[in-house]
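One chain, chain A, links the two complexes that follow: it is found with chain B in the first and with chain C in the second.
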Partner chain A sequence: MTPARARLNEILVTLPSAGWLAVLFVVPALIVVAISFKPTDPLGGAGAGWTLDTLKSLGNPNYPAILWRTLWLSITTTALCILLATPVGYCLARLEKKWRQMVLLLVVVPFWTSFLIRIFAWKMLLHPEGIIKQALAGLGIVSPETPLLYNQWAVLLVMVYTFLPFAILPVYAAAEKFDFRLIEAARDLGARRFQAFCRVFLPGIRRGLFTALLIVFIPALGSYVIPDIVGGPGAEMLGNKIAQRVFVDRNLPHACALSLLLILAVLLPLTAVLALQGAREKARPIIEEGA
Partner chain B sequence: MKRSLVPYCVTAAILVFFYLPILVLVVNSFNTSRFGGSWEGFSLVWYSRLLNHREIWHALTNSLVIAVSSSIVSVLLGTTAALALHRYATRLQKAHYMLIYTPLIMPEILMGISMLLFFIAAGMQLGLFTIFLAHVTFCISFVAMVVLGRLQDFDFSIIEAAQDLGANWWQATWKVLVPLLMPGLVAGGLLAFTLSIDDFVITFFVAGPGSTTLPIRIYSMIKHGSPPLINALSTILLAVTFAAVYISQHLLEDKT
Partner chain C sequence: MNAPDFLEFKNVSRHFGSIRAVDQVSLSIRKGEFFSLLGPSGCGKTTLLRILAGFERPDTGCVILSGQDITQLPPNRRKVNTIFQSYALFPHLTVRDNIAFGLRIEKRPQREIDHEVERMLELIQMKAEAGKFPDTISGGQKQRVAIARALIKKPQVLLLDEPLAALDLKLRQRMLIELDLIHDEVGITFLYVTHDQGEAMSLSDRIAVMNSGIIEQVGTPAEIYEAPRSSFVAAFIGDTNFFEGRVAELIGNEYSRLVIDGFPDVTVFNDKQLAVNNLIYLSVRPEKFHISRERQEKSPRHNVVPGRVEEVIYQGSLTRYWVRVQEYRIAVTQQHSRFLLDEKPITWDENVWVSWHADDGFMLERYSQSDEQLVTLPE
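Right, the complex of A and B next:
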């Protein structure tokens, strides 16, 4: 096959997917960027001409509060998910094969069911007449007037519930490859159980923890349905504001400017984690190789 | 050496956390009470109302049409993408890989708003067709990643052997490559189907009047409708999922 012919073949196999994504992914993204430089049309949609006013309006006192809430909820969700996923990953990796597969299946199966239904299930549990509310009020832990629904804590709870399996899978994948004799060695050398866990096991599954971090944090930042269903006006996130600007106010330039803010919020931690990971891999050999 | 029991207890507690809401939902679907705070007797009334709810069946049909068509197209596009990425190591493929990878990390709401603006700019009528286009767009990357994983341990000398034995390009593709890649294609297709049938956020942005899918119908029922009806619908969907998992596990066991 001549080089020109090989090149033509390559282009022919690349074109269908690359072309589709160029038209339906890249062009739409560019439109979002373009419209955020457009003035608002009071009749809805984007006005004529170009302006920086739309981007400047992000300084509007409402927005920083929502941005901070979005970051706060996403960071806390990610931290809790990793905190809970680590012992589960450890446990899964140490279980016998037969049990391991069963528990793994149990972790994954509920999440093949509709995402909306799982949020709805929590809405019913936290509902003033739902069983959690009644149980807590019955035990005197909360007063009957305390609302469990429509606040930030409800959003946090349901976010952790939704994203936890996505954290468990990469942590487990890393823990499965971990050589548990290293922990025994650390213990023989005098480390306490917790010390061995923190200083041998955690560095050993570092890659899994990084993956879990990204796989939870990025979609958490873009959350829209969870705060919409279990959060109230006081628990709005960036995603809700974008949807509100599109569907309620029909203010597309503002929606696009907020979308740019969200893209920025996604890209900054992503590049930071990837750079950190890259630097670490170069700086010292991975623990398994030394073992 | 004695192992700590803490991880095992945490795992057990998390499984309870995962299943408790689902269990309550299923139990309540048989409850006569409207809010499910207390048990007021067994009944199938919500199921019979659900069966007569014509809008739900209409939405389910829409969802199935979109899921089947978009998973077929995304398997075709995702597979060619994976073949190109695996076969060639050029700068074009580096860019191609970026293009395939970025949709995976893009929050859904951003894909939704950007495609909505694109469809408006292109003057397209929002409806089932725009939903189909959007679903193919986010499924291609997932399919490409699944097939690419399969290709990593695929032996391409088999294709060369087929060609040495006289197969032309078409025969080598359809009689050797595709059958051998079939598990990857099926896995990618099933993933695309699941993602499509469950997608709410992107669909919500690009749907038009008369193109309600099942998740959109469920969302409006959660917002405005009757909770017990959703309980009954959820129980049916859960039963379908569990049956599908059970059957696929059974098939896997028989093969190995």
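Right, the complex of A and C next:
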């Protein structure tokens, strides 16, 4: 096969997925970008002509605080989820096969209940009259005046609860393929349990950790239902603002401009990480040498 | 060879449910020795090795290494290192970092680590591959990295669990020689696990033959081959022919006369001082027989029986015959002493004489002690 022919084949093979990406991802993103440069329309749509006014209105003095809170909550949620998912994945992978299925089932069981209902359940639990609040106050752990609901901590708690299964699954998938004899090898060479875990297990499941990071961090950034229900006005995230601009203010261009801000906030650090990862993988040849 | 009790297993047992993986094993290994555990699959070799490495706790008994009871120590605090059958190289580390792993854990100064790693790379002749990752090097190279990674820790005992099993024949033979050289060079005690008697024979100073959790015999390769102490050892180490018989008479101090059904009287060396009327197996290895067309009277110490050739298998440097003698089908191998085409070789259905020297047979008791009351003598 000539190089040109091979190249053509490659293009043909990747064409469907490229098309899929273009239609469902690139075009909508471009539309969002385009609408950001449109004036508002009294009916809530985008008006005719082009303007920079919408982008200028992003200078709203409230926004830096909200953007910062959005990033902070998403990063902390991601970190906590991975921190919790890693030992869970490790234990799951070491569990006997029959128990593994069982526990895995328990991890995904919450998905059978509507997401909204589960968030409302948390609202009930954290409510001043709710079980958790009553129990903690009864035990004297929190004072009766301390609100558990309508603040950033409630948002963080419920976000971690919501995204944890999404972190556990990829970490478990990687841990299941991990060769645990490597841990024995590390112990044999003098590593304590925890050293073996950090130096051999974590690098061994790094792809799973990376997937968990993306799968939690990106939706966390865009979340607005959770802060809407358990967060108060002081715990708003960018997603709330976008929803508010669309549904309440009927200002589509402004919502698009905010989305653009969010995309940039995610895209820039992410491309940096991906580029770094790619460079490191490239340094490692994958060609098998004949024995 | 120094102190004879450098490494000791004392009454070590490890059972998994009803399986006695290791059963009351006592063993002592000398410093600097190349010691092999040899036995069939599932006989408990790996379990015994894992008990020494600290991955398995014995149910009873203890392990003593240079005077210290290490039975309760975790693996990272034992001065032994293992070469795993699967090598277990860390896939995310280069060859160099794999070898350095043990010293990094010890937090040795970087300069010292670099120096030691260079030395090891030289020993295994893999300087050029130091920057490669394990999945890009060949099986033999992985093997050598695993050896270097363990040796750099300067263990008191190096444990090797069937390290050559995954290699092809050519490579296995080369690594066999390399292992031997490395053992001579570093002078560390090697505990080598294998189910391949050839490997064990060619490498070891001493061998322990294991069978379903117990040690059947410990000795030098020659002792185990020439004087096996049980029928299991005799059969497992090389081929052998067994004949059921009975001690009929003692001839002087050293020999005895045996009765074997359908055979003329047979003389055998009686090193175990078995008494008259003991029931025994007589074991004679195929290469100890000689077959010929004419009856050859050599000496009174030679036994001769008539038989008929049932099968001839030409195997290059030697020929294997199956000879029918009464109810026995005897395996005989003969080196080709003369150029094969010159003579008229013995072939199918010929009547032949099979002979062997009394010293080349050995007797094994047919009943273990617990069964002795079952013995009822014929006649």
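Methods note: the second predicted complex is superposed on the first by the 240 of 291 C-alpha atoms of A that agree within 3 Å, B and C clash if a C-alpha of one lies under 4 Å from a C-alpha of the other, contacts with A are read in each partner's own complex, and residues count from 1 in each chain.
The definition used in the following text is that a residue touches a chain if its C-beta (ideal position, glycine included) is under 8 Å from a C-beta of that chain, and two chains touch if they have at least 3 such contacts.
Computed from a prediction, not measured in an experiment: that's the story for all the values here.
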{"item": "Partner chain(s) touched by A:262 [first = chain B, second = chain C, both, neither]", "value": "first"}
{"item": "Touching partner for A:135 - first (chain B), second (chain C), both, neither", "value": "neither"}
{"item": "Of chain C and chain B, partner touching more chain A residues", "value": "B"}
{"item": "Which of chain B and chain C A:65 touches, first, second, both or neither", "value": "neither"}
{"item": "Touching partner for A:191 - first (chain B), second (chain C), both, neither", "value": "second"}
{"item": "Which of chain B and chain C A:181 touches, first, second, both or neither", "value": "second"}
{"item": "Partner chain in contact with A:21 - chain B first, chain C second, else both or neither", "value": "first"}
{"item": "First, second, both or neither for A:200, with chain B first and chain C second", "value": "second"}
{"item": "First (chain B), second (chain C), both or neither touched by A:52", "value": "neither"}
{"item": "Interface residues of chain A shared between complexes with chain B and chain C", "value": "184, 187"}
{"item": "In the complex, chain A residues that touch chain C", "value": "179, 181-182, 184-192, 195, 199-200, 203-204, 206, 284-291"}
{"item": "Touch list for chain B against partner chain A, complex", "value": "1, 3-4, 6-8, 10-11, 14-15, 17-22, 24-25, 28, 35-37, 76-78, 80-81, 83-84, 87-88, 90, 92-93, 96, 99-100, 102-103, 105-111, 113-118, 121, 133-134, 136-137, 140, 144, 194, 198, 200-201, 205, 215, 218-219, 222-223, 227, 230-231, 234, 237-238, 241-242, 244-245, 249"}
{"item": "Residue ranges of chain C touching chain A (in the complex, touch as defined)", "value": "53-55, 74-76, 81-82, 84, 86, 88-92, 101-102, 105-106, 133, 135-140, 149-150, 153, 171"}
{"item": "Residues of chain A defined as touching chain B within the complex", "value": "10-11, 13-14, 16-18, 20-22, 24-29, 31-32, 35, 84, 87-88, 90-92, 94, 103, 105-107, 109-110, 112-125, 127, 129-131, 134, 161, 164-165, 184, 187, 193, 197, 214, 218-219, 221-222, 224-225, 229, 239, 242-243, 246, 252, 255-256, 259, 262-263, 266, 270"}
